[in-house]
Amino acid sequence: MSATLIPETASATTTMRRNFWSGVWRVMKRKPSRMAGVVILVGFAFMGAFGPMFFPDHLPGDVNALTKPPSWEHWFGTDPQGRDVLALVITGSRYVLLCATVTAVITVVLGTALGLFSGFKRGRWDTVLMRITDMKLTIPGLPLLLVLATVWKFSSPIQMGLVLGLLGWGGVARAVRAQTLSLRERGFIEAARGLGLSTSHIVGRELLPSMAPYIAMNMLISVTGAVYAQVGLFFLGVLPYESDNWGVMLNLAVFQAGAMIQPNALGYLLAPLLAIMLLTLGIVLVVDAMDEIFNPRLREE
Amino acid sequence: MITGNGIVKTFKQRGNMLGAREVRALRGVDFSIPKGGAASFIGESGCGKTTLGRIIAGLETYDDGEIVIDGVPMSSLTLKRRQPHFRKIQMIHQDPYSALNPTRTVHQTLRAPLALRAKQTGRSKAWMDERAAEVLSLVGLDPATVLARYPHQLSGGMRQRVVIARALTVDPEMLVADEAVSMIDVSLRLGILALLKDLRERLGVSVLFITHDVATARYIGDDGDLYVIYRGQVVERGPVDTVIADPVHPYTQSLLSAIPVLHGLELPGEQPVVPLEALNAGQDDVGCLFAPRCPFRGERCDTERPLLQLTEGVPQEHACFHPERRSVIARPMSEV
Amino acid sequence: MTLIARRLAGHLARGFVMILVVATISFFIVNNIPGDPMAARFEKLVEGGMSPEAAAQAVKVLYGFQPDTSLWQQYLDYMAGLLRLDLGESITRPGTPVLDVLAEKTKWTVLPVLAGTLLSFLVGIILGVYAAIKRKGKLGDLLAISGSLLHGIPQYVLAMLLVVIFATLIPILPADGPVDILFEPGLNAGYLGSLAEHAVLPVVTYALSAYGGWILAMKSSVVTVLGDDFILASELRGMKRSIVFRYIARNAILPLFTILALSLGLLLGGAVFIEKIFNYPGLGLLLIDSVNERDYATMSGAFLLITVAIIIANIVADLFYTVIDPRVRSGEEAA
Amino acid sequence: MAQATTGQAPGVRVDGLTVVYKTPAGELPAVRDVSLTLEPGSITGIVGESGSGKSTLALSLLNAVQPPGRISAGSVEIDGLGDVVGFEGERLRKARGAHIGYVFQAAQNSLNPLKTVGKQLLDLGRSHGVEDRRGLLREAQELLGRMGLDGARVLDSYQHELSGGMRQRVGIMLALVLNAQVVVLDEPTTALDMITQANILKIVREVHAERGLTTLVITHDIGVVAEVADRLAVMYGGRLVEQGPTRQVLGDPRHPYTKGLIKAIPRLVGDIDQARALPGRPPTLATVPKAGCVFRERCALRMDICDTDDPAAVAHGPRIVACHAVKVKEHA
Amino acid sequence: SGGGTTNKSSSGGGGGLFTTIDVNRPGLEQSAPANPYAPKGNSFVGYNAMNIAWVKNHLTDPNQALPGIAASWEIAPDNSAITLKLQPNAKWSDGKPVTAEDVKFSIGVAYTQGSTAFSITPGAAGAAAEVTVVDDATLKITQDMANPSPKFARGVFDTIVLPAHVWSSVLPADFWDKLKASRGDGADAEKAREEILALGEKVLAFAPPKDVSAGPFVLERVNPGEALLVKNKNFFNAANVAPDQVKFLNYTGNEQIWNYLTAGKLDHSAFVAAPTDVMNRIKAAPGSDVIKGYSPVAVGLAFNQSKKPYDNVHVRRGLAHLINREEVTKVASPEGGTAAVTTTGIHQKAAQAWIPDTLGALEPYKTDVAKAEEEFKTAGLTKKDGKWTLADGKPWKVSMHAPAGFSDWLSAQENIKSQLIKVGIDAEVVTTADFPLYLEELDAGKYDAGFWLMALGPAPYDIYQRLYGRSNGWNNIAGKVSHSPAGKNGNWMGGPEEIEVDGTKVNPGELTAKLNSSTEEEAKPIMAQLAKAANQDLPVIQLWDYVNNQFVNNSRFTGWPTDDEILRSGAKVLLSGVWIQTGMIKSKS
């Protein structure tokens, strides 16, 4: 009897897992825009991970084709060094996306952990943590970054992401705490406590999955936030120059190539702008599906 | 056997800087529920029923008093050590919709406590699955169809059964059912009540029933005690049928009088006590807590607080200076 | 209104602590900044043809007052100054208190931010109501998606696009500073007109970048309120549509006012990009410039002011809620 | 028991009413072919479980079914007003409140949280062209006083300052203040505790009698109906399966569902073990059978015909029952 | 956009509004004072602030100038004194005459700022010793001959003349006594110097209630972002001043100027780097023109010779052979510079004047991969898998530094990187947040290689000071030269103390110091020696020589100078102001 039961339940969990993915598939299929969003995001992920491999470490420049408008050869034209703008966008995506990923991970992990802890423990810890969070939220991010940029050399995307992440967890922590507090009041958390289930089970298996859509959404949103912030800082030119980066491209396009004045460099300006907008679009479209993916009821409807 | 002595609970709502507001939810409650027995708490909204239930289930701390579970006084243990004892007491929530995690299937929901148990007792995974099926069958659900479902795919009644099944996974000694049927369709209520009754009989689980509805209390445990709670104090306590038939506390009487009469099947009671106006929290320093609303108030009531006690000629304990039996509940037509 | 007074007192106390904390942070960050204003000026002079020796001396004149006191002493002085609302003197503007500099710059940030935010707020909530009512239809979807998208696009991207389109390709609007010098300042049509003309692009950028957010917020707020029982109840009591609409609007807008106050506070600091791109001499530009010029005093002053704005916005938002929402007013927390 | 005193109360005749909701599975009826007469000056009670269509039916009386629902067939004739189903726009709006008062299911939250009761009352008056604002306020205060409340204070309160019972009374006041003669109360006592419930029921009964109303009380709790209603209708799966004078229906239920329901109520006295649970569970909009009797899945008396034919509501004297088995028994 | 102007005066050569921009000073501020010394002050030298005279960019003579407040001057043959004759009818805009006392007062103020000729540092080269008012319009200034400088006059010319009657409060009555005291040694002198420096702060912070100008214009008002100046009727040459009004736009960045220029908004602007396409558009704007002049500056890639492998001259030479300077210039600064022909440390034009005979004999370091590889091999570098590695087999990466925001330098380095990578040398470009930090880190020896401004003419000492001065270990204090080893006292270049030139060992630092006191003729052979030394030792690879471009527009005003020796630019002086006040600029209509 028991011998037959084991494989059965094992397969039950796999079916369940398969059900989850087929549910996700269903949710995605529900609106074509979501599929488009997924395609875009997958595209960006691919671009960041593998894109640079298709190009030499150092992009060759053509001295005879400096700052050229788009053509068949160069879809978005060339930069003032005669390099292909599209290639620059692709190789530059790694920095941007890596940084954004680091930011998102830190924001979400830190924010979620603190929010959960605070909401779950309540009492003194909660008060202290939330005071800190309030303070953090009060300190304006961008100006702080500007001031920080004078002391800190953001020498790698990881470091940059680290700083952005450390600056960004406040909102998530606050929201996760609120969610935790409200979920805490739900019977199922209390029941789990009454059954003597461990805190790690309660947090990991009961609370987190219920907040998953929320956390996932925050993750995606902090990706866009990180992209904007770093690209913006590079654009302002307050960060040290980094040859492969969208923000640097924008900065150079405007302040070096004069893209706002002469159409030849417009491609140089528009390419990173388009990349940013496309990424935003992808994220907006996918965020739209988050709720339905993580909520079994909506998923299967 | 679970007993409580003088349980006191005061909620301090943290106000802004200028002092806290206190809510005295329980003011020294004694209770005792024998193994396999039953007890019911009734009282109007806000009287502290849920708070007491949660304290008994170990989900809430208490400020004073003692709870003894199977002879072990809880005050002698650290908070952590109390847990295994309190685990014997499981709470069934009022709202089966929120009592189950919407992101987890019934299987997952049952598995978690079973896994814990399996770990403690060194049992196998197979046992877990067996046991899951077993508890589901116990509550009258078909494991095959229910296990893989999410809560939203179940009806309210089924959900409440799953909640009970989940409580059964830890082999509890007592179930605390806090208005366990009030959110369930009328035609299904009795099914759940019958299940609880059945579990009492078959598994020897004692049931603590918290409700507005005295009739359901009677259904679950007509051999148990009925506790009438008023503003955190037990004002009358005795065997269910006695209290229902011959209430002596004016509060119990108005509570019972408020139960609608099924005209056509029943006739109104002989001496109904007019239902009271809604409770407005009043002073609580001196005198009988109920005095401000009491139609039979005497002078003493304003200066002295009556304690729960037995008096001569009254079979149940009560906290009233003027106990008087009144037959307030409706009588069946057939008896007339 | 003791509740309000009590809340205000609490807020002020907390805000005060907050300001001290931020001031401390910025003091220590700023004191760790490598590269000092001396070197910056030194090289400028040398470039300008001065001999290095002479340049060194000239620089010493400018920064001769650099205190030799310990960091700790400097910190205490700084904090003591703060308490007297003294932020020190701007380094690149000898003799000018930082506070005066901030005062002059603030108006150029506040006006367009205020105009842009209010504009976007108005347009956004109207479209938001529309999006909520039509949420099941294509149009509602379109509004929501376009709202999210606009909400998502960074300000500087919008600003650049607007400059490219309206100042470069079809040069019909200025993008260089706040006003044309040829008009004498004052209440004359020319000056005001010029002010308005120059404000169009920045204001539109603020408005565009914010209005998506308002649509989304208003939409979700209206949808929530529409689901509230009292709306249906009012209809069933036969209330006039206009009155019911007012009920919906008032209840839906309420939470948005809080966001409005907060975002006004935040925008003071967020104006960096727009001011940079449109050469608006406000706080954001001041911050960038002082960062570039290593004008410590101004830098931390601007940073502090931006923080204070946010703190004040927080307080205003909260008090506003207290005043307008009877549930909070009577001490009970709103859900 | 309250009786109509004035005689001017209008009667209401619901005829063949069907209300459908649009769902992913198509338009499904939540109320199907319901006919019901509210005698002038009487209190009629409708009992039914969650999802049986009570609220939908109640809303239909005001032609206020919310999208995605709509009334697809039938009529609601109100004396002195006409068929409400055909009403639209201003005419419909004026009928609501002025002729038909509605006490909302969740009366707890039926007030605008940002306005005092008095202000909302004035808004209501303005909506219905009441000139005499003083008179309106006086009337409201009187009504509230009648229900045991301090009228002036209540009018000056916000929703959150009132307790559940008080809010419910305010809801009743707002339904009556414009002199509506037909009043619909949807679950007036749900979420209130025993004592408050008893008070509200008492008020409903008294106000009904004093003002000479035609009242419809909707509830899932048979006790509530038994307490107040003259006539009782039992709803199941969108159908009225049985109706008749309260005492008769309770004392001698005909329909197997009514019987089961009454049996399933534990009682305070008598043999507790007589209580019997009803097997099965109530249908939802999606699981209501398309053809045949809605109750057959749970019915002990199920016959072949039940699977195919929807039993018609047949009158037996003052009582109407829709059951094949009952008919068979009568014929037998 | 015209309209709404407020103004009155319309004398002179035709009238009209002149629009220009001060690229050296971002952020016009409303509240800033009309104080030429305030870092953000609203003083526009050449317009509403006058120098004693306007220094020119002569190829070899640092003391050439156009008249300013001084109408003429006489320099003593031994360079020990200069006698100034003031403009006979110079007046302040408030009608008071400009007197020799005003000038003396201004010199006093200049002392507090420690400007070149008026340094209070004991022993400073070219410092003034005595200021004597000869009569109302004549002034004599003598040089402290303890450590004389050939460009003493230049230092005097650069003095801004202030209205003493407005500014009198900034200097105490006993100022000149104090100054005298400060010249000595000991504690009293030290104290006096400190007091004078403290006065400097007061000067910087001084805010005259309104602008009192001796120049062609007076400040009318400032907006955030724009300043308006109107003609000064009392200006001595007012009759020949063409515009009625001058509008200063605010400088916020190069791209903004491109924008103005392509729109034809500016009548004149100093040069800002612009990419070719933008340049073409600027030139295409109606009336737009670029006039070119000599600018005694060049830029080079400087090495930290204490770092391997740059300690080896062959490596430096190899790199010089690899870097195509033409291409670098084309990418980075097509308009603003001409590719360096040789790496002498002198601007090509000045080099032709100083050392015409030597030039031809110098190695030009033409691009030649073969030669480069030979040099590398000589240096012990090896090529593995197409990549050059260090002698010890470790990888070699040429790491070039530049301050962020210096777009032409960055472009150049990116291009050099490309060129090097093409031939198998790994390279990278690293930026530093800003220029001050860049200099600080460069100075601290943190970089392998970075861009370095050099050839700062016209004074020969200044030219070589950049190569063989403090940054290479030689400190010249009060005429005494000492050498610090690499890594000490700001010696980040770490070059050898002696270089063999034509068979003899020379000490380039000492030679450079000698230039500070030699006449033009004495200087020439020394220059030749230094040029050879620099060319063979290559502490810096000279990349391009700057060109002094000025953007002008002929649509509203004409008469722009065409000759090569435009005025000196780069200091605070606004060239167009000087052109206008001399009457050179004419209104078109």
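The first chain written gets the first letter, and so on, giving A, B, C, D and E; residue counts start at 1 in each chain.
FYI, a residue touches a chain if its C-beta (ideal position, glycine included) is under 8 Å from a C-beta of that chain, and two chains touch if they have at least 3 such contacts.
These numbers come from a predicted model, not from an experiment.
A.B. asks: Looking at C-alpha means, what's the farthest chain from chain A?
C.D. replies: D
A.B. asks: Looking only at C-beta pairs that count as contacts, which pair of chains has more of them, C-D or B-D?
C.D. replies: Counting C-beta pairs in contact for C-D and B-D gives the edge to B-D.
A.B. asks: Averaging over Cα atoms per chain, report the distance between chain A and chain E in Å.
C.D. replies: Here chain A and chain E have centroids separated by 48 Å.
A.B. asks: What's the distance between the Cα centroids of chain A and chain C, rounded to whole Å?
C.D. replies: About 25 Å separates the centre of chain A from that of chain C.
A.B. asks: Per the centroid of Cα atoms for each chain, what is the distance between chain B and chain E, given in Å?
C.D. replies: 91
A.B. asks: If I count partner chains per residue in chain C, which residues reach a count of at least 2?
C.D. replies: In chain C, the residues touching two or more other chains are 34-35, 167-168, 292, 294.
A.B. asks: Could you list which residues of chain A touch at least two other chains?
C.D. replies: 149-150, 238, 254, 260-261
A.B. asks: Name the residues of chain E that each touch 2 or more other chains.
C.D. replies: If we look for residues of chain E contacting two or more partner chains, we find 259, 433.
A.B. asks: Which stretch or stretches of chain B touch chain D in the complex?
C.D. replies: 44-45, 155-158, 185-191, 193-194, 212-216, 218-219, 222, 244-245, 254-265, 275-279, 329-335
A.B. asks: For chain C, which residues are in contact with chain D within the complex?
C.D. replies: Those in contact with chain D are residues 228-230, 232-241, 243, 247, 250-251, 254, 324-327, 330, 332.
A.B. asks: Mind pulling up the chain C residues that touch chain E in the complex?
C.D. replies: The touching residues are 34-43, 46-54, 57-58, 60-62, 64-65, 92-96, 100-101, 104-105, 108, 167-168, 171, 174, 176-185, 188, 190-191, 194, 279, 281, 289, 292, 294.
A.B. asks: Of all residues in chain B, which touch chain A in the complex?
C.D. replies: 57-59, 83-84, 86-87, 89-91, 93, 95, 98-105, 107-108, 112-113, 116, 124-127, 129-130, 147-148, 150, 152, 163, 166-167, 169-170
A.B. asks: Report the residues of chain C in contact with chain A in the complex, numbered from low to high.
C.D. replies: Touch residues, chain C against chain A: 14, 18, 21-22, 25-26, 29-30, 32-35, 145, 148-149, 152-154, 156-157, 160-161, 163-164, 167-168, 266, 268-270, 272-273, 276, 284, 287-288, 291-292, 294, 299-300, 302-303, 306-307, 310-311, 314.
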